Amino acid sequence: MEKEQYDFIGQPLEIKNIGKVTGKELYSSDINIPGQLYAVILRSPHAHAEIKKVDYSEAVKVGAVCIGPQDVPEIIYNERIVSIPEKTYRDRTVLPKEKVRHKGEALVACAAETEEKAWAALQKIKIEWGKQWKPLLTLEKALSDDAPPIYDWVYLGEEKLKVKNNIACERNIEVGDVEEGFREADIVIEKTFHTQRVYHMQFETKSAVCVPEADGGITVWTTSQGIHNVRILLGNIFNLPLSKINIKRITLGGSFGSSIQMNSITPICVALALKAKKPVKLVSSREDDFYDHAKYPLKTILKVGVKKDGTFTAAHCRVWVEIGGHNIQAYPYLGCVAGWFASLYKWKNIKYEGTAVYTNKVPTCAMQGYGNPQINFAVESMIDILAEELKMDPINLRLKNYVGKGDEFWGQGPTVRSIIRSCGVEEMLLEGAKLAQWEKRVPHYQKKEVIRKGMGVARGFHTSGTGGPNPGEVIDYSGATIKINEDGSVDVLTALMDLGGGTWDALAKIVAEVLKVPFEKIGIYNGIDTRSTVFDVNTHATRGVYCGGGAVKFVAEKVKEILLNYAATLFKDLPENLVLSCNKELGQAIIYPREIPENYKTIGEIAEYAHTTSWGTLAYTSTLRQKNCPPCFITHFVEVEVNTRTGEVKIPRVVIMGDSGTIINPNLWEGQIIGAFSRGLGFGLLEETDYHPEDGSLRCKGLVTDYKIPTTLEMPKIEDIIVRSAHTYEPTGPFGAKGIGEAALSSVGPAIANAIYNAIGIRFYELPITPEKILKSLQEKEENLRKRRGE
Amino acid sequence: MEEYKIEMKINGERLVATTQADESLLKFLRRNGFFEVKCGCEKGECGTCTVILQGKAVKSCITLALQANNKEVWTIRGMEKFELGRKLQESFVQYGAIQCGFCTPGMILVAKAYLDKNPIPDRKEIKREIAGNLCRCTGYKKIIDAIYAVAEENKKMN
Amino acid sequence: MKQIKYISPRTKEEALEVLQQEKDRACIVAGCSNVLPNLKDKKIAPQILVDITTLESLKGIFKKEGKILLGPLTTINELISSKIILEEYPVLTQAAREFADPIVRNTATVGGNLVTASPAADLAVPLLSLDAIVKIESLGDKREVNLINFFTAPGETILNSHELVVGIEFKQSDINKNGCFMKIGQRKAMAISIATLAVNLDWKENTINQIRIAAGSVAPTPLRLTGVEEFLKNKKLNQELIEEAVIKVSKEVNPISDIRASEGYRRYISGILFKRAIERLAN
Amino acid sequence: MKKMEIEFILNGKKRKIEVKPNDLLINIIREDLYLTGTKYGCGLGECGVCTVLLNGEPVLSCLTLAITVDGKEITTIEGLAQGDELHPLQKAFLKNGAVQCGFCTPGMILTATALLRENPDATEDEIRNYMRGNLCRCTGYVQIIKAIKECTSIKNKGLTN
Amino acid sequence: MHNTRFLTQEFEYFVPHTLSEALDLLFTYQDKRTKILAGGTDLLVKMKTLGIGVDYLININEISEIKNVELDKGLKIGAAVKLSQLEKMKAVKEEYPALYEGITSMAAIAIRNMATLVGNICNASPAGDTIPPLVVYGAKLRIVSKKGERVIPLEDFISGVGETILKRDELVSQVIIPEPYKDLGSAFCKKGRVKADIAKINLAVGIERDGDICRDCRIVLGSVFSKTLRAYKSEEILRGKVIKDDLIISAAKRAAEEIKPIDDVRSTAEYRNELARVMVEDTLHIAWERAGGKRW
């Protein structure tokens, strides 16, 4: 393991981006263009109904510009174009043409001088509905033979596919022979698990501002995790050359995966602006946003075979996901679920069957984790179930079977396989157990108090990006332009987004480290758009630091080469004889001939000389594809206190162990882990978007009042959240770094469930574990005991 | 300061807004988002801010906003609604009559108002008519060419 | 904070009432080509703007009983396109064509040009040479003033703050039919003149019956060169006389040096303008 | 709807504007006065993102009619720093990594200023309780609480509850 | 669907500076949709989410007569008094702990800086957090109109979900809370999905102690019926009895039987039944201890 002293990497440098504390940071919803119109959207009151006629003439009469199904291009697309086209299912248009497929689906949009005016115009729109169907809200209903088809056909790449039984896509994988594996096993256990739909509740509702430009092009500010993909999609939908579309990179008020795809309101805003020939601003209301996206749920039937010594022999995993009214790429989701399932433990023989099913609910998409919080709930609960059955310590069973260094793992699904080169799993389990005082853990049957304590452990991982030795189904590369300015400061131009996790700071540190230029002198925050940058796929898949950072490091090294070559002409020496280092006193990077540090020149001087003597800018532009997606591991040790009289759960303490290789930004790395824990806590105990069974509306009615996320009071105290990093170094990562983002949430749910089991001896197979469910189960348990005792 | 509510039709669309007694039409238009009306001198000297008011080219910097009350105003943005407007725009582009583009809106509007009145002028007449619009980039020749080309086309069509 | 109001009277009487009430607090606006720049430069600070552009009765060119009455709101372009002015009072058409630029001519008015009382007021010169009379009204009162007596100093006229110019009148006559306007500016359009000159001539068989010469930008106010006029009256028109008159013109004007030209040049060029004008009229 | 003139002090400066009776304070601040630091989160007073200070007390601008602030004093996040000198809370938020996406940050900081004024020695529990109406989806609050704790009075420094 | 970004209602707005001005306005516009604006935290939410119509809006926050709390043999709380103002008062915290707990359990500081006590009452939500404590303390409401005034017990005021007996020209000007009995022990308890939430159940109890005996008591629950509900039968079990643990347990059980909760987005009826029992039991214990009673 190579370790070096870094000037910037791993240093707890202050965040430079002070706009966020002074209120000056601009988000899409803060952009105001003089003369702009404000847009509002009419959303479907029905969950599944045929659109006969949309008449907005009365709205036009009161001065609104309107678009309806008849006005939007015929192009059928998928808003998430991270996968290669041949593996991308396409089912939607900007506004639905023939029918609506979930309540709250955008149907018509109006723009006017004020939001109020637009809203008033909206009320004048008349819609004639045709046939209406009872909404299909569950997997079972949607799959049943008499279910009305939500789609008759969709496209996969260029191929037109008939949709059968509302199945959006399927993915089946088999490795080895599971039947044989189960025969070898001493114990075979099968359980069914459910994870629920969760709403992202990112604070900035989906927003867009679109300015039609004089050349027929458009400039767009919108909530997006990947501006280049938005541009490609808009070019395709509106038949505009990409050179006429400019998407601005602008700070997002949270996202958690909900803007990997182009948000549904973005093309609506563009269509309005193109029609109105005026700038249009569209800011979703919170209710709009609730009806726009949700986290993929998952039903899992997991069957595992194990020998008495704790060796696994086979695992059969069947999963179903009800995806809602549109398919925002459930196909790679099913692949990733397979990958997470297959790569956490050595099952030996694997069978995986995944099915995605359309329902008349809000379309689902990624949300911090792309299937791993969901499948890990099943896998990690199962490990505890097996450990109990085997009378083994759950940590030992994990240590015995985990996929680790030197093993092959499936990164983003079965098509991206590579070898693990850095792995802190053992350290995390053992060190974490120490910090959590695992040895004091007692079995549930020894607990009799009203408030029962329990502790649970769970593991998870996410890949750092989606790269593999060979390009697979997922597009993954990043790019940057880096230039040394005329005073020796440095500009980094990259389309990579920072979702709040500190990606830009991390990238700046990487560049600082390569060029030895002080962190403060790196410009990275603003002034970026698609036109000024080369492609970057997206800030998703926990790829920011590993892939984006890898790319800026690659480009920075090229700039360094140019710099040294040029400096060599000044020093009348060879570049390899020059030393580049950071002089902290000067606050400058300096270059000097080896062994003669006193003859230094600052790179400011060199750059200025290059400038005034017309040598040109020291700059480089390129893209880089990472050929790996190393797993960043996470392990949660969660303590719970379950009140057996009320069913309430409190989390007094948690130990979180993370493995991200070298940590570039310690502060924000920890921040991401703790933040993920709060969302995991919501996922495990609190949150669910459930639907009215009759009309397919959200039971929370799109109100934050009735969609509760954790507050300050639900979180453990400062000193009771212990976050530690494993001591690893990823040889393929920039300065040894891997990712963290999505990994951080992937084991919170099962750790809570395992802890609750340890507290009260009740296994929950369904999230969230609410007080209602706990109390009911406790009463049933009591009842059963009484029956067993013959009372 | 007392405010006055005024109403006008700008590029065919109704606008109701408030103004003050001494506000020029130029300021009023820009304040309401019509940034295509450029401000050059605010003294009526350069013609950059020309708009068409009730069919006539006027300099919006020396017109009170209140004087446009209940009237029809066209700016360069509205020109694409007219065949002549579009022809002029295309001709300006084709003839390289645009460099920095700041005087262009005024030039096209003056040309439009003039050609409406006199569809087939000669070069000299055109030259005289745009005399109130200054241009620092082009040296006017290509602007006159561009307008003349439209006049020629008009001639052919008649 | 400044408080400017705006009023747009519906009738002349209403306008006069406002003026009576507000006196010098009021500023009349019509074409606005001077008022807005002046407001901006804080050269004027009225409390109320009286917009008279809606007063239809003050617009138009009327012919009656051997006279022409110009409504003060007649725009310069309306003058240019008036056939009767072109035929009967060509000096005015010529001057109007030289006025500012084609766009300003769409809004600038005759009355406005006069009351501005710029020494360089382009329309004052031909109107002087047409021997025009200014009709003035105030609430319950009327008067007429010969244009010669109208201007008192740069930017000043005999007009009282409660008065309104309601018409400009001049006679239909042979002399008025035969006029010529000359202008020297720094460029052809939109130029404030260095010197302007208008001549109206009535002559028979080489003898000058009557001549009117008016000049602009060469004195604190536009003026008639009555000395030269007197000198020429009843004289035979020949080259010598013209040369002599040219010298007298140069002497009678009273110009200053400014950014646009020097005093000497203005004197010289006034003579030249006169020479060109009279030669054109004589031919 | 008839507009009415109101006068109030915004970030130390007197402002006179016309509003309709049904205009919400948040929209006037964001759209008319271009202070976009105050964010829209839910529109129902549930998330705290739109918090501003009214006469020094945190209130929710999404549930406040602009017309009712006539004669009052409003502070938004833009009014907190003294010139270029950041408020201690702003510094502490940056230092402690209490900012991720930044959308909740303005409301958080404003609420925290009121807390520290009311209770300069606030304990962690008191901070957590006071801040409970300001939701954050990114950070999990811990670093926010840490940052606020760091700004409590000196005698409270270093003490846990 | 609704929109929470702006108000679509257009209304005329008044800011009276005296009560009589306000009452005149209420009288004049009693046939119209006239609403009182105090904190706005319920009214504006309802305007946004339910689209309730408003023609005239009367902001009562500038009426000085109703901005104070009078401390004279109990409390007299004006209609424009903010909840945060009350929670900062020593008298409230010490003498009416259930009210203090009810108030501080509500939402967040920013909301309590805006919302008023009278507003919480008039909103007449079954989950209103101040109503159970106020009923426990025997609060009365002063109701005024142009024609005169009347004082009625809070218990008689709310008639259903969001409904009260207030006439259209009337205004609740004051909440009158009598001086508590010297050995009164009272407590409030609430459970939500998160700690600061609209209640799954909230409740307040008050026990007047006379030695070991419960002289009188009140058990008042919210979110378990269309309006705040008094568990009379449960109270009956305790009244006049020597208080012991088993008595409290049976009173709690009885209270759980008296309530009629429903399934909604916040919880289930089943859970509420069970929760009510636990909460009543725990809260009775606390109240009894606060009354100075011993536990046995």
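Chains here go by letter, A, B, C, D and E, matching the order in which they are written, and residues are numbered from 1 within each.
As a convention for this text, contacts are C-beta pairs under 8 Å (C-beta built on N, C-alpha and C of every residue); 3 or more make two chains touch, one makes a residue touch a chain.
Because the structure is a prediction, the values reported are computed rather than measured.
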| item | value |
| --- | --- |
| Chains contacting each of chain C and chain E, listed by label | none |
| Number of hops, chain B to chain D, where each hop joins two touching chains | 2 |
| A-E compared against B-C, more contacting pairs | B-C |
| Chain closest to the middle [Cα centroid of all protein chains] | D |
| Most distant chain from chain B by Cα centroid | E |
| Most remote chain, CA-based centroid, reference being chain A | C |
| Where chain A and chain D are represented by their mean Cα positions, the distance between them in whole Å | 29 |
| Approximate Å spacing (C-alpha centroids) for the pair chain A, chain B | 52 |
| In chain A, residues with contacts to at least two other chains | 283, 285-286, 703, 705, 709-711, 713 |
| Two or more partner chains touched - positions in chain B | none |
| Chains grouped in pairs wherever the two touch, ordered by label | A-B, A-D, A-E, B-C, D-E |
| Contact footprint of chain D on chain E as seen in their complex | 3-13, 15, 37, 40-41, 44-45, 48-49, 57, 59, 61, 84, 107-111, 113-114, 195-196 |
| Chain B - residues contacting chain A, complex | 13-14, 32-35, 77 |
| Touch list for chain D against partner chain A, complex | 30-31, 34-44, 46-47, 49, 76-78, 80-81, 86, 90, 93-106, 109, 124, 127-129, 131-146, 149, 160-161 |
| Interface residues, chain E side, partner chain A - complex | 1-6, 8, 45, 49, 191-198, 265-268, 270-271, 274-275, 278-279 |
| Chain C residues touching chain B - in the complex, by the definition given at the top | 1-6, 8, 29, 31-33, 36-37, 39-40, 48-49, 51, 53, 100-104, 106-107, 188-190 |
